[in-house]
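Just below sit the structures, each encoded as structure tokens.
Okay, so chain A shows up in both of these, paired with chain B first and chain C after.
And now, the complex of A and B:
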């Protein structure tokens, strides 16, 4: 029902806001990645177009990328918590649940289980998108326990290594030595080993990355969602710099993200055998569909 | 170890039939059992558990009835904030929910619980009262109810095991009314009620309430199925400070109005928010929960002594029965309010409700979880009537 649910009745269309109608007609609902995926961003109406993030915000770019990569946006619900990220996530055209401080993974546990009760034959994708503070500090217990329980949804941590929204305080994910608010003499201890914790807690698909390559970042978001549908908890730890609190000039933001790929955010991808099976199967199906479509286009051209 | 939970076939009935018409049989059970037996008949989709004394017994039993197939999903969460947040998350999918806690557990989960009303979460919360630390005690003291009174939830206070059964069933129906749609808490004293047996008239467990209707809601479930579609970019709180305080203000007004609207269902399902004995008296004992049981005993003893003493038992703490108490106490000269907590939250509420608050006697109060001797209430009754009383404890 869900694609039908977003699609306006033809007669009613002219009375609806143009923004809504265009989103359904030209946006990613019910479309493939070939039609409305990150590969052709700028050519379709995005689920998140407007946002109040700072100029040059790398997090805003990555959040746009998340929404453009969703395998099935019309069946997706996102959850988040306080932080810069929710300012943008809540403006996307996908239901977003904002609860209390750091409780996104606990809420997602209840939500995803209840979805499976009500819709046993459907994939309702549940994704928590929260910052480093929400995921690893205030929400730590709820994040870890959702993984330990094997809850089947995706956790994305937008790691800007600082409490950006509250004005630049040290977080558990800030690098050692960083001079930040509440760390006047520099941070005294190491950045938390988030991906190692995720592995110990039983996540079945884990990636750490600085999302500089759009195609690769999109592929990983989709892998994490597909695996969560069938196997268990998945985790993406993405670098999404705070150019304000770390004083990165806007034109240097991309270069900084590239530099981090060789530093604290060297690419890591871990998957269990069961996760790999799902990924191999779905990517083979996608490839076949892509080839078949290319064949049809070639025939039409001929 | 695989175990297939049995699929039970039950006769589905509406709440009025369940509470008022369905044949009942007498059982001799604890308050914890009475709460679980109500959950068993409530057609609950999902229950989330976390242990704390004296609540644990309730969620053990709910776990058992899950295993027996009476409810569809159940798990032990990491702690109370995780529990209460998961309830909030699950409710967005449009399901019927139950959990229970006690004292410190309630306070640990309170950040999530106080936002349930604002999130329009129609869940039922059992509160099996307990001391809030420190110093440590696990005994019944209902001070945690004071913290619950300001979050918009409907609150019922059960005097005994029978109340626990009826109020818990009614709670689901009240919470899910379209013109209410906020959480309902059913409180009773830990140990005194949860671990003590009393007679409970119960309906057959082959009956269950009609299932949760996710469409009959003032706020659609976020399941991408229930219209209206929520795909507009609507983040009002982000638009401006003006919009955020305006929206918060009108939303909270609506929640407290919803709370008031619950009153008619308290009448419909529970016979009203107060029970009055000897309405013509000039001295009343006003009490809720376990204190009402002791007040009832003091009332009985007073009758034997030929003293003119009335009883006002308060069933609903939220919405608070301001009009009903005013009317019942219209000619009263003294209102004695015995309580199981040190601050006297019920005495404060009663004082604020009536125009002549000076007639309220705040006490007797016991706290830390001790019992409330009827003699303490009898002493206040005698004093109010200008009589001597030789207090022997």
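And now, the complex of A and C:
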């Protein structure tokens, strides 16, 4: 897609569904993060629309945050696989590709290469958003190989530490001792070291986090996307609890995310020198643009 | 018959705050009205998780949001 593709012809506007027209007029297409970003969610029409995920789902919240943080939503394609996450990702106004279980990173490899050939003059962002099963269990080989090949796209793992969509079976990312279906006596093995694996496989920007601080979480998503445009594979490992299978009361989901931030999901950030260069450059540009805009506003006021 | 969040607009308008809208897992549900300086809930979309109540009451001690029973329209 592109901005031109999204915008309807003025004459046809009255015949289009109301939701679509609202999305074009009040959505984040073609706007900056200050106008329609995570900081003012609830004040613009968001890309994600009514999704069928459970009440109080922290994964749904994080997906909402991902879509609000996209630097260029009209030039983005998301890929996903079976799991809870795709229920919400597929409801967003961003093209979504759904493959067989676990092959999202293989598809993304081809897609990002094709985009670079077809649109050499602009950045098309490819993001794979999948659960812990899709990324680290069943899709493990395809995820690892895409990283080893150095494919330039972003991988986001929504880690709910369980197979939530199929009824709560133990996954490779479940913590040791967790009592789940297929693990009635508690899981016997350790949680997979996803970030260490990513580092060994050659990811250039890796973050492990629990999304509680909205500004920080958004900044990391944007950093991962910017680095993937130029340098190499990037990986975000985010804690998105399953309140059903881990029996967390819905109103305590946020408190649980904060508790995990101090426990299993302590903040980790790794970047190579090349990635740091890109991040520094882009963040300096953003800051300059923000300052320039502030200056214009101040002049207008005076 | 189910619970949905309800914002006390008068109490909410006293604060310059849109924190609850940032932590709702549903998109386009808990919205912020810039003119009235208050949050409001699209009741048809609210799933009643009460995360906004946690944010408003436990985190910020402002007690502007409550969970209330709604009945289907005849």
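Quick notes on this one:
FYI, the second predicted complex is superposed on the first by the 301 of 302 C-alpha atoms of A that agree within 3 Å, B and C clash if a C-alpha of one lies under 4 Å from a C-alpha of the other, contacts with A are read in each partner's own complex, and residues count from 1 in each chain.
By definition in this document, a contact is a pair of C-beta atoms (placed from the backbone, for glycine too) under 8 Å apart; a residue touches a chain by one contact, two chains touch by 3 or more.
None of these values were measured; they are calculated from a predicted model.
Under the clash rule set out above, the superposition-derived model of chain A with chain B and chain C shows the two partners fitting side by side. Applying the stated contact rule after C-alpha superposition, one finds that A:5 touches chain B and leaves chain C untouched. When the two complexes are overlaid on their common chain A, residue A:99 makes contact with chain B while staying clear of chain C. The wider contact with chain A, measured as residues touched, comes from B rather than the other of chain B and chain C. Legend: residue contacts after superposition of the two complexes on their common chain; A:214 is shown touching chain C, with no touch to chain B. Residue contacts after overlaying the shared chain place A:61 against chain C, while chain B stays out of touching range.
Of the two partner chains placed by the overlay, only chain C lies in contact with A:254; chain B stays clear of it. The three-chain arrangement built by superposing both structures on chain A places chain B and chain C 130° apart around the Cα centre of chain A, to the nearest 10. When the shared chain is aligned, chain B comes close enough to touch A:149, but chain C does not. Within the superposed three-chain model, A:50 lies in touch with chain B and with chain C [touch as defined at top].
Fitting both structures onto chain A leaves chain B and chain C with a minimum C-alpha separation of 13 Å. Within chain A, the residues touched by chain B in the first complex and by chain C in the second are 48-50.
Residues 1-2, 5-6, 17, 19-20, 23-24, 48-50, 52, 74-77, 79, 87, 90-97, 99-101, 103, 106-111, 113-115, 117-119, 124, 141-142, 145, 149 of chain A are the ones that touch chain B when the two sit in their complex. Across the complex, chain A is touched by residues 45-46, 48, 72-73, 75, 77-79, 81-83, 85-95, 111-112, 115, 119, 214, 222-227, 229-233, 235, 237-238 of chain B. The touching residues of chain C, when paired with chain A in their complex, are 18, 21-28, 30-32, 34, 39, 45, 47-51, 53-55, 58. Contacts from chain A toward chain C in the complex involve residues 38-43, 45-51, 53-58, 60-61, 64, 67, 214, 250-255.
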